[in-house]
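Naming follows writing order (A, B, C, D, E and F), and every chain is counted from residue 1.
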């Protein structure tokens, strides 16, 4: 169990329940996942996070699937097991193939290793890479 | 300056120089960036890293630009200043627009904050997100 | 189960047991939590960690509750699930309210996202922020 | 120089300039720090970040100085040099004493080391720490 | 359960199975651990990772046990629970004593705390430490 | 310059100066590096850190050079540029060869990439790796 109890629809207050309902409506599902039920202890934080997530993850200059891949990459580097699971599920729902998943993992692993090498050697940034 | 001196073409040994030449040939440029010049102290590590980078970053199920965006995301989360610079430059060279850059930053920031929230609350993974 | 077995009072050696007894006395409880029982395999490390923790977490220029909030913040950023749990429990025991917990989470999430943005943009430090 | 050029008031577009002006008005200063000038390339991200920062850092259940201490703690753990500088300056402006700074550093260092120990031993969370 | 299902010998394709067989032969054991069974979804990534691991972890200028200690140190700092477990087991199999394990933990904890202090103070690198 | 000004011998108070003198005596050098001069603002923290560093880094079940390699590994994963520099210098002073440095980097990079893969796949820990 989490650091705080997950709030069911019955336990959630009116403000949190309104966000749950908006999640259900926008996602066209009855299911509200644990992340939002844990955040429900602070309805203002719940709402701010949900509103921002919608704005950021909407289609734009980047494809929604690409945004999920980026999300998985950050979540992996930050070691967030919950987020790795939820966003890998989201990426699959948006069409990520097994081959794409494999390439995503390969790039993440490549970046992790060159990040470590550049840091361990404190490589100075090339002038041409600066704005 | 770095933890080790960067190796110029004159200072690099034959094995390292062969990798420098391959970098120039494959990238069709005379420029070999600092990362490779720092790695040249260990020619076997230099070669293994360069060979793997080519295999991983080649076009495949994911677009090369998308791979660069993923690379930037990981490098940001790992706090690698060198890699953020070099891969942002690479992404721009592959056509990343200012709007795409802004959306990339927005997704990275969103992931960073929900990673923190999920970790601080130790949210249990939903059964439906598990394989 | 952990990487090492937790040591019960019966399994712990005399040096480790002396620390367990000191923990019980100082905290006025019979309970010794798992962190100390795992550390008991190295009594010198156990004692050094316990002694330092007491010195650092004692009331001083900062309030003990504020110190717990800082501890949770670091533990979250470092992705330490055990520490997030133990120090959230400690903060509650020292009077952290639900509203304070919510604001703590909001600040942690805000910092996480601006950390990511400043890193992804490699923003140069303003002269006026330097000592 | 940063990954992107910092935008002066002249270079910033109307939307970014409006945020700069709001920063100046709310903070009662003529100075707009580099973080916002780097974000100005994406006015929507600039505004969203600034608006959220104001809401999160306002006085509430936690004191504004305590919020700055938490911010420094997260920024340290995430290795964000810019944020460590800017929020240490902010904490000093809000009255952080040298003694408080020293205790903040001591708690951050204590957390960092016990985070590492708990992770290296994979200590199981005590039942009593769970919600 | 993992983000992807672990592949048994029956489920693995021919390429992945060939790697499993090589792991068994080189390690002189029937057991193939979960990491490789999870990677089997992408046989090319599985093979590249296994081949590189063999090259890197082989005896050389550093002793194989020392390499395992370094691996544990990195895995701890990165918060990888799986890797902490698997490489602590590997270190024990290569002769790590309880006293060595205790000293490893002590150094990891010391580094974690001075890393935090140096970052929180943004200590400038001494000229004499630069190449 | 750092977040705080480095303290020269003249600026340091009596308590900090006593630690500086102890550093000089134990290390048989006139040089006190920047890390200690930055910590001098909090003499109690300075002393505690110096005392603990001596105890941890002394010869024991692990060789002093091996301890430096572990220190570099943690510092790299934590992205501490100062610590990477100071401990690479310390390792060289203790005899680290160029070949050993190359192998250290190779192991760090290998661990970084498999850490990322294990996290991105959330690989469950094998029963046999548990205590």
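In this text, a contact is a pair of C-beta atoms (placed from the backbone, for glycine too) under 8 Å apart; a residue touches a chain by one contact, two chains touch by 3 or more.
Computed from a predicted model, the values in this text were never measured in an experiment.
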Could you work out which chain's C-alpha centre is the most distant one from the centre of chain D? E
Reference chain A; chain at largest CA-centroid distance: F
Classification of the chain E:chain F interface as same or different, half of numbers criterion: same
Can you check how far apart chain D and chain F are, centre to centre, with Cα atoms defining each centre and the answer in Å? 26
Could you work out how far the Cα centre of chain B sits from that of chain E, in whole Å? 21
Using mean CA coordinates as chain centres, what's the chain B-chain C distance in Å? 34
Numbers and ranges of chain B residues touching at least 2 other chains: 1-4, 45, 48-49, 52, 74, 76-81, 84-85, 88, 99, 102, 104-106, 108-117, 119-122, 130
So that we know how the chains sit together, what is the shape of their touch graph: line, ring, star, complete or other? complete
Seen from chain B, its contact residues with chain D in the complex are 79, 84-85, 88, 98-99, 101-102, 105-106, 109, 116
Chain E partner, complex, touching residues on chain B are 1-5, 48, 52, 55, 130-131
Residue numbers of chain A touching chain F in their complex, please. 72, 76-77, 79, 81, 84-85, 104-105, 108-117, 119-122
Where on chain A does chain C make contact in their complex? 3-4, 41-42, 44-45, 48-49, 74, 78-80
Interface with chain D, chain C side, in the complex: residues 1-4, 6, 31, 33-35, 38-39, 45, 49, 52-53, 56-57, 60-62, 66-67, 69-71, 73-83, 85-89, 97, 99-100, 102-104, 106-126, 128-130
